[in-house]
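Two complexes are shown next, each including subunit A; its partner changes from subunit B in the first to subunit C in the second.
Right after this comes the complex of A and B.
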């Protein structure tokens, strides 16, 4: 083909596909969350902005409003962190999706670094929600403090189970390399190899990204919006109203790779020769990510919010126990398979 | 970064207070809080436990009792309706009952049936309203939409019968203002079927849901003795095992003609109060079904004494509607009257004193939310902070009604 070689660089394409499609997925998922909830609740949902698209552009309108709104920084807040943490939160939330490959040959990183892609992604995601604790502290408001304290308690409760779930899968695959992990799931996906680990992952991610019923740190009933309670405008869009969905996207992408088989069963050829195959693989992976995210946002329609102490005891007692069972299954499969 | 810990942190904001001299944190819960309503609570939390809570009501105090003295007594009907718009019929019924006793008015038989029918609709309306708000308080947006969606069908029925969705102004001293058209009765039966089906779904989605169940179970406990001592009323009392309902114990309307029972739960927690609500909605549907069979479909809408004041030409239409002109030329007696009804949230009590002019000398109002506030505060102490909305919603506390 007559295209210059830099235009066919897999890194550029990975960046473009990941950037564009993740934005589209996040917009669609917020729209779908509202539409699904509306369907369950006997109402229409977003409609009046772009009726022909089912109100899809409502999200764009909301985003524009968030950006145009006046930025208010409260007098009591710690201004540096108040301004710095929301962009940092989004950056950390989005980074993991750039660290993992979208198809065997479509990745931003190259081999030695790519080998640790999923591991780095998990590590960064664990740091992401520490930013929320920082936000709560910087806002310097009593409700924000309580929200931040709750977030800290919840982080301690979900980190170990989620780390266990991923470690169990690494044990089963006997590798941490994302491409090899997908290659091992060509016929059976990870969720069937170890269902216990998958359940632990689902519950852990729901807690991490404050999906229902674990929307505790920003529970409207008693702490307003918790850590974000003094945020407005672009800051709110970067954290509570947008950033969390980006974190959910990253978590789901990692989950789709490890538990749902990534791009398997599509096996594309090498990059410049088989562009469409690689893009199809990326599309399939992102579709699985989308389905996982759909499940997480569907929980809003059917669940109230659990109480903090119930959620913590549930996590420490039952999810951790399930994590140990998952480890036992993984250890068995490590020696059997 | 030049950070001063005493400026940034809870350290400075901790106050020495609460029982046992513990260091507690004082939270100002409301009146702009998303789930506080028009009231402020000074909540003192020790960690996650509420050790003390002080209410600060009065943000929507509208001087209802004083306003009641400044206008013609018939103009008080739309005024007092605004105490609690979800429960409009039961409030205006209590006021009309008080005025009837003051003026010595009788109520026509058909009006008694119609008032009972609409009173039960009003109870369904207020229970749906409270259950919906309770659901959103514990985080279930689906329960919220179910409650308000169902209530919307009900207020549309009100609009058919009275001309207004939320402010019917329909109960008058002596009877009711307007006869519902045929289509109202036809749609009412269909609404009740839909309501009962959807209430089961609501129960499964919000109350039987494991998360929702443990948000309500063993939360905000109020023993029978405490409920009696703090004068709890309505579901707040019946959820604690007090078997009292004004409809049965101080009979009014035609509740004796129909078969129904007072729903009582002994547990005294938020779950019990919520279950009392849900079961009362079903009981109300049962009462309305029976009333539809036995109620007279024709007859004057107001009693003889009130009709006597209506001009003869307007009296010909008394089976369809009541012209208000007769009321405006009526003056109050130098007498006193009381009215008591059981609303959705508890018992409404009105006491009116006539002055001999068209205005009342004094109106006294006692509303259930105001009474339940003390019981609500008592139930909250010792609960966790996240339980506060779960207890608030279970009492159905409604600040505009409490503040009057």
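Right after this comes the complex of A and C.
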């Protein structure tokens, strides 16, 4: 093709595909969450903004409203962190999706760094909780304080199970390289290799991104959106209405790579020769991510909210036990496979 | 969890996910798309309350029976008192109409009226002669009813909303002067 070489750089394409498609996916998932909850509750959900699209443009209208709204920084808050943490939250939540490849040849990082992509992604995602606790501290009202304390307790419930689930899968694949991991799932996906680890991952991510039934730190009915209770305008869009969903996207992307086989049945050729194959692989991976996210947001419409102590005891008693079982399965498969 | 067996808990979670999926795929909706649709009340509407001051004997039974104290008796120029309704308080129970011994208060089916200010809701006896103007938002309104058949809620369209019934004519009895 006659295109200049910098335009065909896989890094540029990875950046563009990840950035644009993740934005689209997150908008769609917020819309889907509202529509699914509406359907289960015998309502219609977003409708009157663009009735023919099922109210899809309602999200754009909401986004414009968030951006145009006056920024209010409360007098009691710690101003520096109040302003600095929401963008940092989004940055930390989005970074892991740039660390993993979207297809065998479409990646922002090159080989020695890409090898540790998933590992770095999990590590960075665990740090988003510090942002939430910091936001709660900076906002400085009673709901934010309670929410931050709850978040600080909830991390003890999900961090170890999620890390265990991923470690189990690394043990089964005998590698941490995302491309090799996908290559090993060409016929059987990881969720079938180790269902226990997959369940632990699902529950852990539901806790980490405060999906129902574990929406405890920022539950509207209990603590008035918790750490985000004094945010308005763009800050609310960055945290409560955006940052959590971005974190969910990153968790789901890692989960799709490790548990759902990534781009597995599609095996594209090298990058500049097989552009469409690589883009199809990336689209398939992001579709799996979307399906996983759809399941997480679907939980909102059917689940109650667990109490903090129930969630903690559930995690330590059952999820951790399941994690041990998953480790046993992984150890067996490590020696058998 | 608490006092529940593990098997029961897992079964409950799977059940509720199945139920949610069922409603996600085949929704049953109760929403009525106002103003394009309106529920069919089959004539059982208690709406705006009108007053013919000619028939009123100022007995004040309406003001006494009103459960929300929405009716105030206003002193008019002829030295008599006539009821005026505060629609900020009125719950459309029509007790005043039932209690009125001379049929001076009469019911209508006018239901869709809204106010911009609280002061507008307070009707004086003069204002109660003329019904409120309901703006026409869409050319035709479809009447709907909900039915429960075969275990599902279905919304049925039962024709268009008719024009409101004309109000009863003003009484021919002479104005009661004191």
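In the analysis below, the second predicted complex is superposed on the first by the 337 of 337 C-alpha atoms of A that agree within 3 Å, B and C clash if a C-alpha of one lies under 4 Å from a C-alpha of the other, contacts with A are read in each partner's own complex, and residues count from 1 in each chain.
Here is the rule we use: a contact is a pair of C-beta atoms (placed from the backbone, for glycine too) under 8 Å apart; a residue touches a chain by one contact, two chains touch by 3 or more.
For clarity, every value in this text was computed on a predicted model and none was experimentally measured.
S.K.: With subunit A superposed, do subunit B and subunit C clash or fit?
M.R.: clash
S.K.: Using the touch definition from the top, say if A:39 reaches subunit B (first), subunit C (second), both or neither.
M.R.: Once the two structures are laid over each other on A, A:39 reaches subunit C alone.
S.K.: In the overlaid three-chain picture, which partner chain does A:63 touch, first (subunit B) or second (subunit C), both, or neither?
M.R.: It touches nothing on subunit B or subunit C.
S.K.: On the A-aligned overlay, A:84 touches which partner chain: subunit B = first, subunit C = second, or both, or neither?
M.R.: neither
S.K.: Please name the chain, subunit B or subunit C, that touches the greater number of residues in subunit A.
M.R.: Subunit A has more residues touched by B than by the other partner.
S.K.: Does subunit B (first) or subunit C (second) touch A:313, or do both, or does neither?
M.R.: Second partner only, subunit C.
S.K.: Check the residue A:143 against both partner chains and state whether it touches subunit B (first), subunit C (second), both, or neither.
M.R.: first
S.K.: Should A:160 be classified as contacting the first partner (subunit B), the second (subunit C), both, or neither?
M.R.: In the superposition, A:160 contacts neither subunit B nor subunit C.
S.K.: Report for A:222: first if it touches subunit B alone, second if subunit C alone, otherwise both or neither.
M.R.: first
S.K.: Touching A:301 in the superposition: subunit B (first), subunit C (second), both, neither?
M.R.: both
S.K.: So in the superposed three-chain picture, is A:283 touching just subunit B, just subunit C, both, or none of them (first/second/both/neither)?
M.R.: Neither: A:283 stays clear of subunit B and subunit C.
S.K.: After superposing on chain A, which of these stretches of subunit C ends up overlapping subunit B: 42-50, 114-122 or 150-158?
M.R.: With the two structures superposed, the offending stretch of subunit C is 42-50.
S.K.: Mind sorting out which residues of subunit A both subunit B and subunit C touch, each in its own complex?
M.R.: Residues 40, 42-43, 301-303, 306, 310 of subunit A touch both subunit B and subunit C.
S.K.: Under the stated contact criterion, what part of subunit C meets subunit A in this complex?
M.R.: Where subunit C meets subunit A, its residues are 1-2, 6, 16-17, 19-21, 23-24, 27-31, 33, 153.
S.K.: For the complex, give me every residue of subunit A touching subunit C.
M.R.: Residues 36, 39-40, 42-44, 47, 298, 301-303, 306, 310, 313-314, 318.
S.K.: Which of the residues in subunit A end up touching subunit B in this complex?
M.R.: 37, 40-43, 78, 80, 137, 140, 142-143, 145-146, 212-213, 215-216, 219-224, 300-310
S.K.: Can you tell me which positions in subunit B touch subunit A when the two form their complex?
M.R.: 1, 3, 8-10, 13, 25, 27-29, 33-35, 48, 135, 137-143, 145-146, 149, 205-206, 209, 211-212, 214-215, 384-390
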